[in-house]
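Handing you this structure, nothing more for now.
In order of appearance the chains are A, B, C and D, and numbering begins at 1 in each one.
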Amino acid sequence: MTQYTDISGWSREQMAQRLAQDIPDGAYVNLGIGIPELVTRFVPEGREFIYHTENGLLGMGPSPAEGDGDPELINAGKRHVTANDGAAFFHHADSFAMIRGGHLDLSVLGAMQVAQDGDLANWSTGKPNAIPAVGGAMDLVAGVKQVFVITQHCTKSGEPKLVESCTFPLTGQNVVDRIYSDLAVIDVTPEGFRVVELCPGVDFKTVQELTGAPLLPANQ
Amino acid sequence: MNDKRVLNAARAVADITDGSSIMVGGFGEAGSPIELIHALIDQGATDLTVISNNAGSGEVGLAALLKARRVSKVICSFPKSINSTVFPELYEEGFTELELVPQGTLAERIRAGGAGVPAFYTPTAVGTLLAEGKEIREFNGRRYLLEMGLTADFSLIKGHEADSHGNVIYNKTARNFAPIMAMAANTTIVQARKVVEPGVIDPEVVITPGIFVDRVVEVSDPAHESQLIAAGVTYQ
Amino acid sequence: MTQYTDISGWSREQMAQRLAQDIPDGAYVNLGIGIPELVTRFVPEGREFIYHTENGLLGMGPSPAEGDGDPELINAGKRHVTANDGAAFFHHADSFAMIRGGHLDLSVLGAMQVAQDGDLANWSTGKPNAIPAVGGAMDLVAGVKQVFVITQHCTKSGEPKLVESCTFPLTGQNVVDRIYSDLAVIDVTPEGFRVVELCPGVDFKTVQELTGAPLLPANQ
Amino acid sequence: MNDKRVLNAARAVADITDGSSIMVGGFGEAGSPIELIHALIDQGATDLTVISNNAGSGEVGLAALLKARRVSKVICSFPKSINSTVFPELYEEGFTELELVPQGTLAERIRAGGAGVPAFYTPTAVGTLLAEGKEIREFNGRRYLLEMGLTADFSLIKGHEADSHGNVIYNKTARNFAPIMAMAANTTIVQARKVVEPGVIDPEVVITPGIFVDRVVEVSDPAHESQLIAAGVTYQ
């Protein structure tokens, strides 16, 4: 059986670039912490995405130059950011009204596990001694129109992250629409996982072997 | 690009279909988007449900839309006003249905609709006629009514200044229902005295962030109901 | 029996003036349309009341000079007003959050009827052909910390407005704290109506005759 | 007269008693009212319930209050941060209890508490561990959780500028939870960089109207957690 570590799939940047292709012009987007943040580097020409950060800013701009940061202008990951022309500040209840009320077009999140019915686990290992922390993830998956997951296809130890059903505590049920991994782009459909696109040089059989649930091919 | 400007009021309301639900901003004449309403009259959509605090005055704006027999139902808190004869006639005739909602419950239902809250409990109207048919539930020894979030197909609102991203600021008490209606509609249409480039409005003072707005149209010198009525105008 | 029309009680201005004495300095007050609006003329020296109007203004000031009115700066009665220094504008959901959330100290309202248990009727005659209109009255009585009613003691035809139980549709149950009529100041207590003060020249017996429920004397 | 100015932070927090519930503004360090928290540490109140999005960093501000063993319960969405060791230790020890609430639910519960809404339904957390023990109800074919409004005895918040009537404006993303916490507490205490006379702040740009604020104290050069931590400060 193929070892995950032997495969040369998309880089994190390539995954983010591939995902960015699927975001329409003018979309209101919330990006989770980590790989999702890379999306801002790959906005296709002629398009403009408006970034929402749940701590109260719409129209978030890039990081400021080193040393220019304002500790009162940060994103949800608590990093210094800037505000673009046309930005707006608002309080937390208004910010989550945008999320819960279905006003955001897209939430891009990392994952620990995604199940074939779209269940997502990305907030807790469920270990008894872990200090639980959930932030806004449950609100995002419950409220935003589309949820894209961007993640390595397997864990560092080679365990599939795409599974029949999640063993970690859920962030939300039936919430993921599409997964961008280093090996493939995969839709969550009523029939289960369906491959949309394979990373060049990676074949369907390999991806299936590294996935914990049945995959449907793209052209079926 | 993220440019929500529309050429004129007619284009802004062009896709409103028969049977639509429409939130209309304003408290009395303050904040009433008269030019958008008049464009809607010209456009012809009918069998509308209008959600608005009042039911219009004279025969301009909202009252003119009612007078044109386009509104089958009004959801509001106060359908009576000085100079309001149109709604009473249609109501007595049985043409236009009325759902009367206490003003704060109306505001909170709209805000809930916009915030993805399907229902909430409120102390308002417990023990009154307006509680009839509604679930009552006790929390901490006090009784509350269950009220439902309210959404609409369209919102027509009047801003003071807007930018092309849809950020809006308002003028004084003309703000009233506009910010929450902007949140609660599938398509929110704003008329503003001035439409500016992004960056002109300070992000600290934006009242309605652009995410809640779909279309912005400049109406540089908007009419006021009272002035039209005083001038003897009727719109038809 | 005493005829209501024969009695010379407090004028509307005197009623408002008497009520104003009971409002503490710094109080946040919402005044209904009509007699309640007269309260602004009688703020006792050394006190400042902050007026809330439910259509989105805290710190409402007096009417502007004739012709100086702004159609976008009005009160809940749709009359032109001004904004004092320290005022704030806000939207309707925030305005009623102030009301429902118990942030206002006092609501002053007119009445059609007040019952001895504090039930208030002031929005509808209940006649089948009347067009119902409620506005913010039900929210005010449900949310504001104290509710004062200011009203003529009887109707124009001499019917008592203070009654055992209301026959008109209710605005709220057990909501009225105190009544300022042209004849007396009357508290609503767990034991029923209790006279706090009589208008000079009006005796208890007369007020009792013109009241539709038992009155308790002040010093009992 | 309507003057809410207080001389200093110590006086502003003087009447906070043991066992109080306290909402503390801020998202990470942005908006954290460090000087009010330090005054509360000096003041000595203990057995506190703290409602705040995070549980502090380093050993300053909120983390220092925890470190001083004054907090028996934290209600928050994200108690872990870079540089956060104090809360984890107290949690593992069993000294400080944690009620974990999704961030949007926390915000909406606080806003509901301030708006007189005892309970509302939300889609967030349905089907998760955080739904355990909560009522589930279906509206229009979708399942929602019943969540309760949240109020507190005190709110400590950081504004940018305030006037003596208690009107407040904020700085950028330091706004976060402050406006809703100001609504939800019995007594709201604001520290602001500048306290001005009524009329200086334009009524159109006020974010927190004075009715929600009880005390205002000027802290002209407030500290930031990250700067204190970088400087090796621990407050005790």
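Please note the rule applied: a residue touches a chain if its C-beta (ideal position, glycine included) is under 8 Å from a C-beta of that chain, and two chains touch if they have at least 3 such contacts.
Model, not experiment: these values are computed from the prediction.
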Other chains in touch with both subunit A and subunit B: D
C-D against A-D, pair bridged by the larger set of C-beta contacts: A-D
Approximate Å spacing (C-alpha centroids) for the pair subunit B, subunit D: 34
Approximate Å spacing (C-alpha centroids) for the pair subunit A, subunit C: 56
Centre-of-Cα separation between subunit D and subunit A, whole angstrom: 29
Subunit C: positions in contact with at least two other chains: 57, 83, 89-90, 93, 96, 99-100, 143
Multi-partner residues of subunit D (each touching 2 or more other chains): 108, 111, 115-117, 122-123, 170-172, 204
Each pair of chains that touches, named by its two labels: A-B, A-D, B-C, B-D, C-D
Residues of subunit B touching subunit D in the complex: 108, 112, 115-123, 139-140, 142, 144, 148, 169-172, 204-205
Footprint of subunit D on subunit C - complex, ascending: 25-26, 28, 48, 50, 52, 57-59, 83-90, 93-94, 96-104, 143
Footprint of subunit B on subunit C - complex, ascending: 53-57, 70-75, 78, 83, 89-93, 95-96, 99-100, 119, 124, 129, 131-139, 142-143, 169-173
Parts of subunit B lying in touch with subunit C, wherever the complex brings them together: 27-31, 53, 77-82, 87-88, 91-92, 98, 100-108, 110-111, 122-130, 170-180, 207, 224-227
For the subunit B and subunit A complex, residues of the former touching the latter: 1-2, 111, 113-117, 163-165, 167, 183, 197-199, 203-204, 206, 209-212
